[in-house]
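Read the structure below first, then the notes.
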Amino acid sequence: MQEAIISKAKQLLADGTVNRVIGWKKGEFAYDITPAIFESAEEIDADFVYDDFTSANVSKYLVKESKKEGKVLAFLKPCDTYSLNQLTKEHRVKRENIYVVGIPSDGKLDAEKIKAKGITGITGVEKDGDTLKISTIYGEETMPVAEAMSNKCLSCKSKKHVTYDELIGEDGEVIDSNRFGMVEELENMTSQERYDFWRNELSKCIRCNACRNVCPACTCENCVFDNPDSGVQNKAAADSFEENMFHIIRAFHVAGRCTDCGECSRVCPQNIPLHLLNRKFIKDINSLYGEYQAGADTTSRAPLNDYTQDDCEASIVHERGVE
Amino acid sequence: MQVNENKEFQPLIVAFCCNWCSYAGADLSGTNRLNYPTNVKIIRVPCSCRVNPMFILRAFQKGADGVILCGCHPGDCHYTSGNYFTRRRMTLLFSMLDFLGIERDRTRVEWVSAAEGAKFAATMNEFTEAVKKLGPNRRLEDLRCRKQ
Amino acid sequence: MQRIGVFVCHCGTNIAATVDVKAVAEALSHEPGVVISQEYQYMCSEAGQNLVKDAIKEYGLTGVVVCSCSPRMHENTFRKAAAAAGLNPYLVEIANIREQCSWIHKEIATATEKAVILGKAAVAKVHLNTPLTAGESPVAKRALVIGGGIAGIQTALDIAEAGFEVDIVEKEATIGGKMAQIDKTFPTLDCAACILTPKMVEASQNEKITIHSYSEVSAVKGFVGNFTATIKKKKRFVDETKCTGCGLCTEACPMKKVPNAFNLGLNNRSAIYIPFAQAVPKVATIDPNYCLKLRKGDVNDKVCGKCAEACTVGAINYHQQDEYIEQKYGAIVVATGFNPIKLDKYDEFAYNQCPDVVTSLELERLMNAAGPNGGTLLRPSDKTHPHKIVFVQCVGSRCDDSKGKPYCSKICCMYTAKHAMLIREKYPDTEVYVFYIDVRTPGKNFDEFYRRAVEQYNVHYIKGMVGKVTPKADGTIDVQASDLLSNEQLHIDADMVVLATAIEPDQTARPLATMLTTQMDTNDFFTEAHAKLRPVESATAGIFLSGACQGPKDIPETVAQASAAASKAIGLLVKDSITCNPCVAHSNELMCNGCSACEKVCPYGAITYQDKEFRMPDRTIAIRRVAGVNPAVCQGCGACTVACPSGAMDLNGFSNSQIMAEVDAICK
Amino acid sequence: MNTNDTLIPHIGVVTDIRIDTPDVKTFRVNAIQADGTVSGKVFEHMPGQCAMLSIPGVGEGMFSITSSPTNKDFMEFSIKKCGCLTSWLHAMELGQQITIRGPYGNNFPVETELKGKDLLFIAGGIGLAPLRSVINYVRDNRANYGDVQIVYGSRSKDDLVDYQEILDEWMKDDGITVNLTIDREQEGWDGHVGFVPNYVKELNPSLSKTVLICGPPIMIKFTLAGLKELGFTETQVYTTMELRMKCAVGKCGRCNIGDKYVCKDGPVFRFDQLDELPDEY
Amino acid sequence: MLKISLENLGKLFDAVAEKQTLYIPTDREDGAAEYRKYESGMKLSKNLNTLRSAKDFFFPQTENLADFKMEGKKIEVIDIREESEDFVVFGVRACDARSFTILDKVFLSEPVDSYYKNRRDHGTIVTMACTKPAETCFCGTFGIDPTAPEGDAACWSDGENLFIQANNEKGQAFIDSVVALLEDGDTAKLDEVKVKTKEILGKLPLANLSTEAFGGDTLMEHFKSEKWAELSESCLGCGTCTFVCPTCQCYDIKDFNTGHEIKRFRCWDSCMYSDFTKMAHGNIRNSQLERFRQRFMHKLVYFPSNNNGEFGCVGCGRCLSKCPISMNIVKVMKALEVK
């Protein structure tokens, strides 16, 4: 796949379709991939990589990139195309300045998950069928691929590209991966259990803003949490309330806009399952207001900017589920 | 939160009322001398759709034990559609608070028309009782703001 | 530092009996920025107001808090007082310590405590109040009336009478609407045409009125006082300016088998037609679906062309195209009217099977002298005289199911009585049965009229529903019904059945409502700004409602509302500019993401986007899409402020910081 | 705990407020003595040093102390209204307490390098504030310094800070030349009209002078270029950069220009020192 | 050397915890290690390092500095500082141990930060030698020997026993307080472990990373480097690297109105944040490039320039594994050292 992508990139650069390429650059180790912009075939040959660890969603970079001179080539995985569509819909990117090549993704690996197995000193990672072969300075290790699979890929919603100018490989389908399983599990807990669960999780938050800054829905010119006039400006959570507030407001602000790309959880240095908050909103929206997938198109009305006269009342929250 | 002499817990309730229906409804319950507890403090907003989730969180942060939002009945919004947006926003917000394990009965949306003075008073009585039962807000509290 | 004055009202004993007003004034005097805090018997009295005015001058107040009755009561009073003393009226806040405190609480201690808290919240808010000035926006001195029925005509005439230009846009080839199709009117039984056509002529002759017939409104932009509408004049293949309405072309037209829409398809007309004799404008129109030449698709083909040959003034133009006119308007009046509902779902009444089952409107045509039978009532099937006629009321009205309409169509009871009476009058040998659920006759001379039908004309009114209508082989119709009063099943062998069909808003209303950003109810009737107090205005400023587009109405009601709408429109047009509500939303362009969320939730279309150049903090120039609020259109609901994720949208008078300051003060 | 921490501020009382220009006010601040009386200074300082003023809940801000250390009775701050805190300060009334901590930063080398020198002060707008401390220090220790020339300009006559003091005191002092200028012609102004950099060139000051300059960055840039044209070297010119300071104790990590911390190594710099720093200011 | 068998480590912890608060690295449910207040039975993590560094105990993410009461025109300053209780942080790795040398240079230099000093005075750092360094480790680059950690007292494990040795008086006092549980032990096996560890250190992928190209005298050269644009272009501007870093110490001071008083608090801030240098008169570092450059220049150039060549990084590798886009100091160094 990497070869096909590289040759496509070089071709589009050469024929002048685009003047730069946004993709991924290989790092020091097997897994530390950095999103990067490439401007020449030489740069691409030297550093471009597309492998099992290129999970970063590059669509957010297009907010800035698409406003620059010339056209930018973006290689987007299916999930990334949802993000781009949503950004297009909200006029945050200039779609006409982006040449999208859809690329397939059969799920990405998460180095943290490998390390969590106690495997350290990693020097190489290789897939062998369902087994992952990991070479380390302490010797060879193996583990099932599924266990190293990034959480966001384990609950993939779609292998289908919703926007592209060109595709490499076959397009996939929207899939059903029980992504609301964990949300349901929480819903079935008692209120106290849920409280304890979230207190444990959110108390880990160090307010590094990685979730916000990586989120393709969080592209505000000036985030309310950075704005002294917003009344909620806040740099570090002083107590449990502020930990909760940040995540509630963030989730609310992206409600109906979140494409469920899973980047927030991926980047969280404290491994807080932040995507569950967003998924809770998605699940609620689906069940209360009809199926809605943000980013699936560029024209539909976001559920929170829409209504029907016979929407359910807010009291539904009191009526359903266990206490 | 206030504790009076017989030490019964007195919750602090913040009520956001839309100017056209619910605030007028509250006025009517006053005109008709229909009692409801002093715990309830009303903030007037032009429309229930003006209420930002941030205001609700802020109220809890600063010491409210319950927050209620009142607006025109669906279909009667002075601004034609404001309360429909309110309904969706608050449904989702309350659901999220519930998801985080915050007591459901601390938040409520109620539609009260300008003619429903009695309903306003009854709602406030009911809501205050419900919050009283829950006790002080601890799960969504900012410790720094707790009164010594 | 702010200099705030606090004024606590006793309201006689209304407040003072349960709230220790002195304690409130004392407590509030310690709030930051408060420089004077006093109480008085009646703050709203002239003396009380003077107290406020004097304090404003004496202490140079920058904010005023009045602790008194509801702001819904006296906010304006105190605002005016402040303005009179030179303080911006929007620097006044009211703490409601009567309706929301003294009147509902009994214990002085707790009520006083609460009053203090409410006062503190008002002080906290007033700290953040900013002087607001109502903006002004010019008014285009021209009105647009959409729909040329009696409602539209009346509105247009009234507005024109007041001296303003009016354009009527009518989708049909002539104005007149439904009333033109009606034979007689209740309860006076005068001829509809006789009273309508003079008005049509008046409209066409009025210099201030421009009639765009065979036209529709294709786009509306702008806001109160400043709308721009695009009117599409559909191609009628006849030059309006040349056509004299002589009718030679209609005679020359070889295609005579076109269902006559004016007569509801009960007879035929030619492909080029003038809807009826008194049509305004009296101009021919070619129906391209039937015209032999136009139907071929190639106008240059030498087919037919008889009408062009017949026309002495050369008005026929087969090459005519749709024409678009753009015009500015200060006010728009919607008068799109109604239609009887389609009866496809009512198989039980055999409407589609039997030509002798007709709707009431069809009956009007059948009885009209200009109708298919020249005014003689004959059965459509065999052109024989009917001897037994059954009227069925509430067909599609007051329905619980999805087939019909939940509302009462209002006019059916009366026109059915009219029909019954007219038939009995003209054809005394005809037996007339009316099946009804209730007979509703609230109106001047309405019940008398109905009673005349029953008592003087012996119309058989039977309370009950018709279950089934079955055409029989002998040409008669079996009407199966139940008499609820005698509780028996009836079968009537009728010659004709007339269905009092429910009426519904015209199909064009819904897209129009979207265009105008006005609201509709679930039945597609336009929603008035206030059901009782503002019945002829829509919630969108500058858009008025005339006639049945707002709900079922009879002619006098329609005319009354039409004139009311006209007077509202005139009230707007006489102003050179309008004062806007200053408590409107505004967008901080530096923070705006351009995401359109606010635009989506604005019920008034007050928000528009534009690409603007900005100097960014890193010293580069960027073009950004930013929202702008038109203060003349915004009504200040605040929906956009919450939809905006970045907090760029805020609302004057109820800003984020003001509301949060109130929350803080209350929770302190 | 009985150790002092500079982060815990003292209380000062505003005892006089002077309206200098439409957007500049000068506040006099006194200390509260042990017996509760309001008098004297909260702390001593040297010319060019700054203090952190704050209204709790509103914000903290760094301001140069505009009064001279030789003034033993009070401290003064000339403050331009430009943000949340300064708006609050401008709204203050007499008797308002504020919190104050300091002094922070280095000072103009009045006791070392500047001693015995002919001095040229160049200021624009509110830029006079930090220099005023030095000027009055020099006036009070007149014997220690040579010629003193002050070139001060602002947008208009109404925007001249300390105008009354300039007229009543500085201009009347022997051995002090004051050259005022405003940007545009104005009724009631018969003085010089023109921008400061040009005026300095016109005045053609003697190369023997040591220059102290403060004002808007653009003024400093052009004036410095002009001075160089006239033959001045960078080692002769001092400026102050207190606007960049935040925590004032060299720890919060904001104000550094390269490896120099404005709040500890500055705010007073000689231009040749700045030359060695990356172009980040 | 004094030792205790690993089996009895719990007893040692219990004994320490009886007298003062003890923090040890322990495993969370997600497998990551974090410092937690010791409670009997808590297991010492086998992970190489904790997710958050030990800096948090001395320079917490938020801390109250002072309170103010406002009434009318009056302000009352309330000094809320209290003498810290004694506490022990156990199991600090060599890299984190070195971070205190760096933090001390900032917070204990004039004017001394009493909040930090208070905790430093009362906190004892007991370090733990590494035996299984990770691929992200590069403490050696900064002259740190992970087999000989600094700190008040240091510990080593040979797989069976934990050896402990004091580095200073405070460390000695710590050992004295638990000396009853310790016995003399033979370090032969431990020496083997050390040798083996050193061997691995030499094989680490970043073993050859050098600071040669950095330091105070390279200021202008690096500042003006054209590589910053490319290096910083994918930076998200989040604070992950800063907040997991054991040496980052930038902070902000803010006020919070609780309704009854004003709390002035200090919280971590990140030079990577777009509003970090935003002040009333404008922003000094407007682009992410400038902010990104500031962070690395500070660690590699400015800090050594002001601190006798000591670098502001300890090579713990946290930012290498935690940066959402895997941009880090190693990549910066490697890019900049190429002329």
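For the reader, a short list of remarks on this structure follows.
Residue numbering begins at 1 within each chain, and the chains themselves are lettered A, B, C, D and E in the order written.
Everything below uses one rule, namely that contacts are C-beta pairs under 8 Å (C-beta built on N, C-alpha and C of every residue); 3 or more make two chains touch, one makes a residue touch a chain.
Just so you know, these numbers come straight off a predicted model, no measurement behind them.
The fewest steps needed to get from subunit A to subunit C, moving only between touching chains, is 1.
Contact with both subunit B and subunit C is made by A, E. The most distant chain from subunit E, with centres taken as the mean of CA atoms, is C. In this assembly, the chain whose C-alpha centre lies farthest from subunit D is C.
If each chain is reduced to the centroid of its CA atoms, subunit B and subunit E end up 46 Å from each other. A straight line joining the Cα centres of subunit C and subunit E is 70 Å long.
Chain centres here are Cα means. That of subunit B falls 53 Å from that of subunit D.
Multi-chain contact residues of subunit B, defined as those touching 2 or more other chains: 53-54, 58, 62-63, 75, 81, 85, 89, 142, 144-145. Looking at subunit A, one finds that residues 224, 230-231, 238, 304-306, 309 touch two or more other chains. The residues of subunit D that reach two or more other chains are 84, 93, 96, listed in rising order. Pairs of chains meeting the touch criterion: A-B, A-C, A-E, B-C, B-E, C-D, C-E, D-E. On subunit C, the positions that touch subunit B within their shared complex are 70-73, 96, 98-101, 103-107, 110-111, 113-114, 117-118, 121, 519, 521, 527, 539, 583, 601, 603, 635-639, 641-643, 651, 653-654, 656, 659-660, 662-664, 666-668.
By the touch criterion stated above, subunit B contacts subunit C in their complex at residues 12, 14, 19, 23-24, 26-31, 33-36, 38, 41-47, 49-55, 58-59, 62-64, 75, 77-82, 85, 89, 121, 145.
On subunit C, the positions that touch subunit D within their shared complex are 1-2.
Residues 1, 3-11, 55-61, 82-86, 93, 95-99, 243-244, 246-247, 249-256, 258-259, 278, 280-281 of subunit D touch subunit E in their complex. By the touch rule above, subunit C contacts subunit E in their complex via residues 30, 32, 617-619, 664, 667-668.
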